[in-house]
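Quick one: the structure is below, and I'll ask about it shortly.
Labels for the chains are A, B, C and D, by order of writing; each one numbers its residues from 1.
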Amino acid sequence: MSLLEALLVQRGLWVYWAIITLMMIGLYGVIARDHLVKKVMGLNVFQSSAILLYVAIGKVRGGTAAILLEGEENVLYSNPLPHVLMLTAIVVGIATTALALALTVRIQEAYGTLEEDELARLRVREDEEEAALDPHPFDPPGEPEDVEYPEVKVGGGAGGAGV
Amino acid sequence: MADERGPVVDDEPPMRMREQIVLQVGGRLLTPFILLFALYVQFHGDFGPGGGFQAGVLFAAALVLFGLLFGVDRVQQVIPVSVSEVMIAVGVLLYAGVGVTTLLLGSAFLDYDALSAEHGQHWGILLVEAGVGIAVAATMTRLYYAFGSLHPDSEPAAGEHGE
Amino acid sequence: MAAESVGQGLQQVALSTAFDVHFPALEVVLPLVAAPLCFLFRSRAFARILSAAVAWLTFGVALVLLQKVLAEGTVRYPLGGWAAPYGIEYRVTVAGAWVILVVSLVAALTLLFDSRGSASRLAPERRYLYYSAFLLCLAGLLGMAITGDLFNIFVFLEISSLSSYALIALGRDRRALMASYSYLIMGTIGGGFFMIGVGLLYQMTGTLNVEDMAQRLPAVLDTRTVLVGFAFLLVGLSIKLAVFPLHQWLPNAYTFAPPRVSAFLAGTATKVSYYVMAEVVFVLFGAHFVFTEIGLGAVLMPLSVAAMFVGSLAAIYQADLRRLLAYSSIGQLGYMTLGLSLANVEGLTSGLVHVFNHGVTKSGLFLVVACVGYRTGRTTVRSMAGLGTRMPATSLAFVIGGMSLIGVPGTAGFVSKWELIRGALAAERLWLAAVVLVSSLLAVVYVWRVVEMIYFGRPEGLESLGRDGEPVREAPFSMLLPTLILVAATVVFGLWSDPTLSVARSAAVELLGGAGG
Amino acid sequence: MAATETHAQYVMGETVRLLDGPLQALLHPALPLLVAGVVAALAPPRLRKALLVLAPLWGAWNLLGFTSGDLVSAELAGFELILLRVDKLAFLFALLFHLAALLAGIYALHSDDRMQQVAGLLYAGSAVGAVFAGDLLVLFFFWELLAITSVFLIWARRETASTRSGLRYLLVHIASGVLLLIGAALHWIEFGTLVFERMDLGSAASWVLLLAIGIKCCFPLLHTWLVDAYPAATELGTVYLASFTTKTAVYALARGYEGCEPLIWIGMAMAMFPIFYAVIENDLRRVLGYSMINQIGFMVCGVGLGAGLGVNGAVAHAFNDVIFKGLLFMSMGAVLLRTGRINGSELGGLYKTMPQTAGLCMVGAASISAFPLFSGFVSKSMVMTEAAHEGYVVVWLALLFASAGVFHHAGIKIPFFAFFAHDSGLRPKEAPLNMRVAMGIAALLCIAIGCFPNALYALLPYATDYHPYDTTHVVQQLQLLFFSALAFVTLMLTGIYPPELRSTNLDVDWFARRAAPRTLRVLAAVGGAIWYGVLAGLADVLKVVRSVVRWLHSPAGRLGEPWPTGTTVFWAATLLGLLLLFSYLGSAL
């Protein structure tokens, strides 16, 4: 069996490929997009992949919901625990998204933009203005000056030149 | 430095929405049923799939739908911002209160058997789920208020209280 | 405030004989219940008093728990009465009790700190939200250290993270918003990784209980799923722990948060993650698997060393005191992870004792900066010019805290560094000991900059005037008291290191399975 | 070996006493000065001045309560630390430091500079602490304290140049401290103890420790900090600096490396090479700095020659050197204070208005040149006698040459250029009274020790019956000095020696003829060029390191600036990938 077959055709494994793909899409969104809201969307996709992973874990082929039915025994249940856990994860996701969006609203109000590179520029300028109030002893503004050599006297007259 | 723009989200789309007769009539018809269904999911949670979280979301969905069609102010006539905030706290406290009660009754935290030997589990679940439902519904509503009524000097979203 | 806390305290004492079995739950439930109460009553004064009282109560409970754990071994508490592998179990170990002690102590003292002036962007009438979020954060951090259920750790992690994002965003400077945003992105990814890791391990073992899983894992350790799960867990925690290349959310978050939040988070948030990481590495997977079979040391050790240097070097260049302290935190966290990566008793002891020592020191220093900010209106290094005579107590507090950061003998910082060097020598890595010493020199430089400014700097022009053009005076007593308590603690536990060291050592021995490395 | 036996006698003492008897009532000898320093930091000027004089007296009184063999130890984090170990060697140095602190304290009375006065007291206290340190960790603590407190004396001048100098000074001394700590760690690993005792060269620890001490002791090539920093300090600061740091290092050498032969050769080199630099130097305080290295050379040599006369000579010379070098630095400080300049070519003719200072300076000059009846004579001759006695002819010759060189640059050049020579037209006031008092006491001591050396000999670590005033010594020394003086006078009178041309070499010793100056200059040039090349190379490396650090870590640097969120997430993903790869590979192996 080729690797591809092993990975794709083997029953049930495809779902993990889907999850990984989803996760990578999400991470890519966070890494590559500059717009803050798009980053949040990437984050949501990433979280969904994690949620799907749990759902996939709990699913049992042919299993039903885990409800005790009278008179029936040996029923095949899906594992409800991961699914229940995901309720919490979804709550967390909503809270995160809501908070992130609230922040973006605030950022838009404060800076008038949501592009991260622009925001970085603005913030750097703010940092520099602050730093300008506080010149650093080891790092004077302007050109980095040369290291001062320890004073060495070499010879007096003919022998050599003082430094 | 920040260039102050106008309102971030303007009122235009909801205004237009109010003129959609079909949507308005449909929405008005659907809202009570969604609310009822929410209650069903809430109370049926004892026996089958469902529970406070799903119910809360459904409840909030009804309010959000209504708000989208008729404006946030109309929903706020029914459930003012302050009420929604109080409900969040009440919901969480209901949940925690059951736990503390069991604690004070001498059992473990959230050990429902302490409430009543026979029906302890029932009552416990019922109360806890009610707490969750109230908290979730109120939080979602509050989130909708926060974003739905955005204008530059609005209150910050209370997203961090969505737990 | 006092009456309230004493009243509750008395109640506690009366109940304690029969009630102390519930302390593990109470530790988390107290702040968790208090948070919505603050929200419900919408009163700033009430919220202040309640949160301070609750924080002191949790501190008291933590003390009792620690004593109990030291006397009786691990304390277990089944939530909802469901026994361990099925229900969620709260499990207080020595290390866990140690961490919650630090967290609750720092919380209690920072809440005692009377943050005046408009430190946060909330309108005064909505300030209660701040305390609500603060308590939630506290509950989350305590919960992470107490619960014995992996998914529960994730939930508490998110509770504390979400509330800390909100708290950081409350900082007055608008840069706080971006700081909070990037922390949010990083934190969520970290939490997500953690959750995925837990899911993969659950898939292989069918349990979420740490101890139960630890028993089942050896059978499946050689599967790739477990390896992947481990990697996800570790990276997720590394983000929360600000391990070297993943540290960049931290400086701005600590810099622009409201002063008390900086002090609280700097003393606690990363420390709890450190504990969780130690638990995952040593309890869940075991030192043998992590360090011998997959050789994590080869990854973690260079990163820790890099963090020590990157953090300290960057701190040297900072103009803002808070950012200076934040970068120094990155360096100090490097010492802690280095201790963990040594995987011997001395190393882990140094890490765990540094949880306390650094927590106390750094919180104290952030409070010092808050005092300076309140009086001078600025928090740059330059704003410390000539404070030696005008704010003598605050200045002295900074000097002592700074000495602890350097690791001068007689301060708490020395105790942990000494232990770390012993760990390095015990692991026969002489160069590590040398590296630790050299990096301490960098701390000398950045601390010295400030000290020089305090005692030899001359305020120029308008700088001689403080906030609102008033002359700079010593900070008010209500701000000074908690600051001085924290700073005094660094000296007290620097000179009298037996209690901290012995607890940390027994926690380390316990984590390492009593085998002694 | 006889050497080690006698050594053991005084190091071990008779008994070990732990905090009983008179010791209980006494403070650690370093405490009076340290406490006074801390109090002075907060005290008003008047009280501070009183402390400057009273603290050394108090400390000395306290010190006199100790006897050899006293030992105080404490436990810290599982280590037993010997905070205090008293024997004759440490006692003598401690006494010396108190004396120096007293002289410098009196000398400092006219000033109101809190920083210098506080730093001076703390500095003296740390030197006292260092000589009583019984183990390497305690020594390290005081070693670093010494560096940290003394740098303020340089910074106190509050000029850019002195700030830079001070930073370099601090860097060098912190490095020395770190080396000491590394040495201590190695020592612990190798021998399982931290007690600071005589050790044999050979173990890694001994070499690292020698390097650490060597930096403070100005071994050749490690000496630059001294001539860099001393002239940069204030007039008061240099007096303090000259008394403690190098002498503490000499103490450490005497304690740890007594009788190690390499030290003889190192000492010889130290006695020789600074002469070339001193001759061509214009800044009179820097001249004194070079002569200081030269004098330490004698001491190092003495330590290398080993127990008995060698170590005795080294210690005695250290004692005398602090006094007469202090005296010379004080007189130059007075000149600097009154005229604001210190270059030989800009001074001259000051004897007209500063006669007392000039006279006192000449007493110091006579002492350093080892005139009979002055203090230098009674100690320097011990070292030279021992060198000859042990059969080191080359060393003896080199030291003789060095003596002549000293006479030239310190004995003649300093007073001549400052107070006589070509009249510069400056008419400054006489030095302040307190300075004259301090110099007067020092001068009296110089003469007293020179005339009655037995009091000093009684304090020395080894019993001695040495008599400096025998015919051979006196005649030989007088020959050396008078011929030097004769040559100098002849050259002056015939106009061959133009005082303003500072490059002209006046090494008119007995052996060097007219060709010598040229040779010397070429030697100095070649040596200097090589050394300069090394330094420049180092400086380039430093520059690169610094710019790399700045590029990485400054707020605008790659690692210092806040990364965009995406970058951090990218690193998270990368780390995850790395870890996956790593654990995969690790488990595959």
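Basically, a residue touches a chain if its C-beta (ideal position, glycine included) is under 8 Å from a C-beta of that chain, and two chains touch if they have at least 3 such contacts.
Only a predicted model underlies this, so the values are computations on that prediction, with no experimental measurement involved.
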item	value
Centre-most chain [mean C-alpha coordinates]	C
Subunit A and subunit D: spacing of chain centres that average the CA atoms, whole Å	57
For subunit B paired with subunit C, centre-to-centre distance based on mean C-alpha positions, whole Å	34
Chain centre separation (subunit A, subunit C; CA means) in Å	22
Computed distance of Cα centres, subunit B from subunit A, in Å	29
Subunit D residues counted as touching two or more neighbouring chains	550, 554-555, 562, 564-565, 567, 569
Subunit A residues counted as touching two or more neighbouring chains	27, 30, 39, 95, 99, 106, 110-111, 123, 126, 131, 139
Contacts with two or more other chains, residues of subunit B listed in rising order	2, 156, 159-160, 162-163
Chain-level touch network, classified as line, ring, star, complete or other	other
Complex contact set, residues of subunit B against subunit C	2, 85-86, 88-90, 92-93, 96-97, 99-100, 103, 106-113, 155-156, 158-163
Subunit C residues touching subunit A - in the complex, by the definition given at the top	151, 155, 158, 162, 165-166, 169, 174-175, 177-178, 180-181, 184-185, 188-189, 191-192, 195-196, 199-200, 202-203, 208, 316-317, 319-320, 378, 380-383, 449
Residue ranges of subunit A in contact with subunit B within the complex	65, 67, 87, 91, 94-95, 98-99, 101-102, 105-106, 108-112, 122, 125-126
Complex contacts: residues of subunit A adjacent to subunit C	23, 27, 30, 36, 39, 43, 46-47, 50, 53-54, 57, 81-82, 85, 88-89, 92, 95-96, 99-100, 103-104, 106-107, 110-111, 119, 123, 126, 130-131, 133-139
Of all residues in subunit A, those that touch subunit D in their complex	27, 30-34, 39, 116-117, 120, 123-124, 127-128, 131, 139, 144, 146-160, 163
